[in-house]
């Protein structure tokens, strides 16, 4: 006799993977639209965001249903992680949409004459998303742990870009609006990397039951009193 | 239970120290080399599939397994430091300190509600009526039954509903003021609302008593206990804090049982 | 479902019901016949004198069976002094203390002894008690009746105690109550009605025994003053009067039989009254007149929460 509960868990996992691939595609397309000034592609990304939002709601619904069956141990962790990961994926989708919007705007205006490191930033963010999702699929806790420090690098590149764009804006005031679009796009990529890092942290929790979030921010962790 | 063979008390946070406990019924080993510590003022749950020995382990804690003809044990169990299986220790004395509530509620049918509560005291020689009345009220309050029966203490005990009867049995066990209370699937014969009351009661009781419950319902163990022991085929597979047991067990067999892959 | 088939089934139903009713009537009929016959023959002889006067010597009309009635009561009371403690304690032993092989032999012996004809009992006690004492006596009569009561009471006590759910024993022991106290205060108390029923039924049974008393109590035309003297008893008196050639004695024999039947019926009525208790039905159905299957009767648990 089939274990219906196990089947339900598998359905949840599959749906999460579907959502992940859509989010990954959205980021890829948004970056491509931005780099290649592709208006139609950007509009497609913006329209498809609804699908990603829909996925988040369905996954939360499925997870809630599975919770009523009182899962335990690794099953319990899978369900709670699924809810968190879907939230992060939805935000990735939103950020991709923001990039797409800026791509739309920028494609209507003449390009800015500035060598930007945006492809490198985009590449790093995309790689982080892909690696986080691979770690989830393969339940590779070590790979997920390796991802976490890369977020700092992304932050650093974003700061550089921000500085470069700010300088350019000050020297060429007529490019201000276009530079602001680029700043926003870069910020979105940095946020996408953050969300990828969050997903990696959830993967570590799923595999090892270790909560590795936030532990680098404080130097001396003081437990909260109940 | 004063006895020249007793050893001085050890760690007061450990109510029952079980060491290398093995129990045989005839030639069959029902428990194999079980070692664990039951923490004082906490609820410890024993879970496992049918026939894994959980009831036998529970009954060994107050020497009730000796009612089985052909029962033999090895190892030791120390109740707050004193070995309850030493020579010269009467099972009766052990059972006054370690009480038990059973799966099927069994209030004595020829006695009233008050009669049931005080029977443990009266049949051990207590005559003081004031003391008996005090203990009756105290025990019924602790079992969350006082308000429901205070006006009919002399009604027959079997006129109560199933859930009330079980709480009466709990009050009856508490009246002799044991240090440890053992409960063998206390709510399995009850409907969900009555079960809820019993579980709430268990959590309240740990303030004053040490509680050990056997349950086949993992959700119940997760809800009501602080520590959980997982038994399989007479062996202790894993023992630890309940939260860990049910979110991240160390043993694969525990993980498989808890997620329903067997048992 | 065709119409003719339906009618045939209905007819068969009615036929079977009528047959069953007929059988029931056939069962009750002998009892009714006995009662009516006794009443018609003996009722007229029952008067105050019957209960208060001693039998008159042969030839004289009148007199009563006062000493026989009293004798029966005395005999069964004395017999109880032997039969009840030994029987009940024997039943307690069989039920509560498990020595499997020994218990099996005891039960086997009790069942065999139950089947021993009552006249044999009489002869045994004659040889063992009457001959050494060089005379018939109340003691011998009480002894033989008591001995007959023992296996009866022992078996019924054991049955009733077995029906007490083991949960009560465990609950009592878990409270730290000593084993023997648990047995007397919890188990026996719970089964008390059943035990008393068993005792009463054994009493009713031996009250009507005639043959054993022939060799032991022997009968007495006068009041008995010492336990070592013979004593009158109803069954004995009835027997003696019935085989006599005197009409007056025949009349009195009928009356005696009627009284005896009343006595036995009264005891059975007492059993009925006792066992109608609403709260604890731990009396095995096997003891109640008319039933033949022992069900495992549990005390009711009231309504759900």
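Before moving on, here are some points about what is shown:
Order of writing sets the labels: A, B and C. Residues in every chain begin at 1.
Throughout what follows, a residue touches a chain if its C-beta (ideal position, glycine included) is under 8 Å from a C-beta of that chain, and two chains touch if they have at least 3 such contacts.
For clarity, every value in this text was computed on a predicted model and none was experimentally measured.
Taking the mean of all protein C-alpha atoms as the reference point, the chain centroid lying nearest to it belongs to B. Ranked by how far their CA centres sit from the centre of subunit C, the chains are topped by A. Centre-to-centre separation between subunit B and subunit C, using Cα means, comes to 46 Å. Chain geometry summary: the mean Cα position of subunit A and that of subunit B are 52 Å apart. Per-chain Cα centroids separate subunit A from subunit C by 92 Å.
Residues of subunit C that touch subunit B in their complex: 98, 165, 167-168, 170-178, 181-182, 185-186, 189-190, 192, 279-280, 282, 299-305.
Within the complex formed with subunit C, the subunit B residues making contact are 62, 64, 67, 69, 92-97, 99-100, 102, 104-106, 108-110, 119-120, 123-124, 156, 158-165, 169, 172-173, 176, 190-191, 193-194. The touching residues of subunit B, when paired with subunit A in their complex, are 218-219, 222, 246-249, 254-255, 258-261.
Interface residues of subunit A facing subunit B in the complex, by the touch rule stated above, are 3, 5, 70-77, 209.
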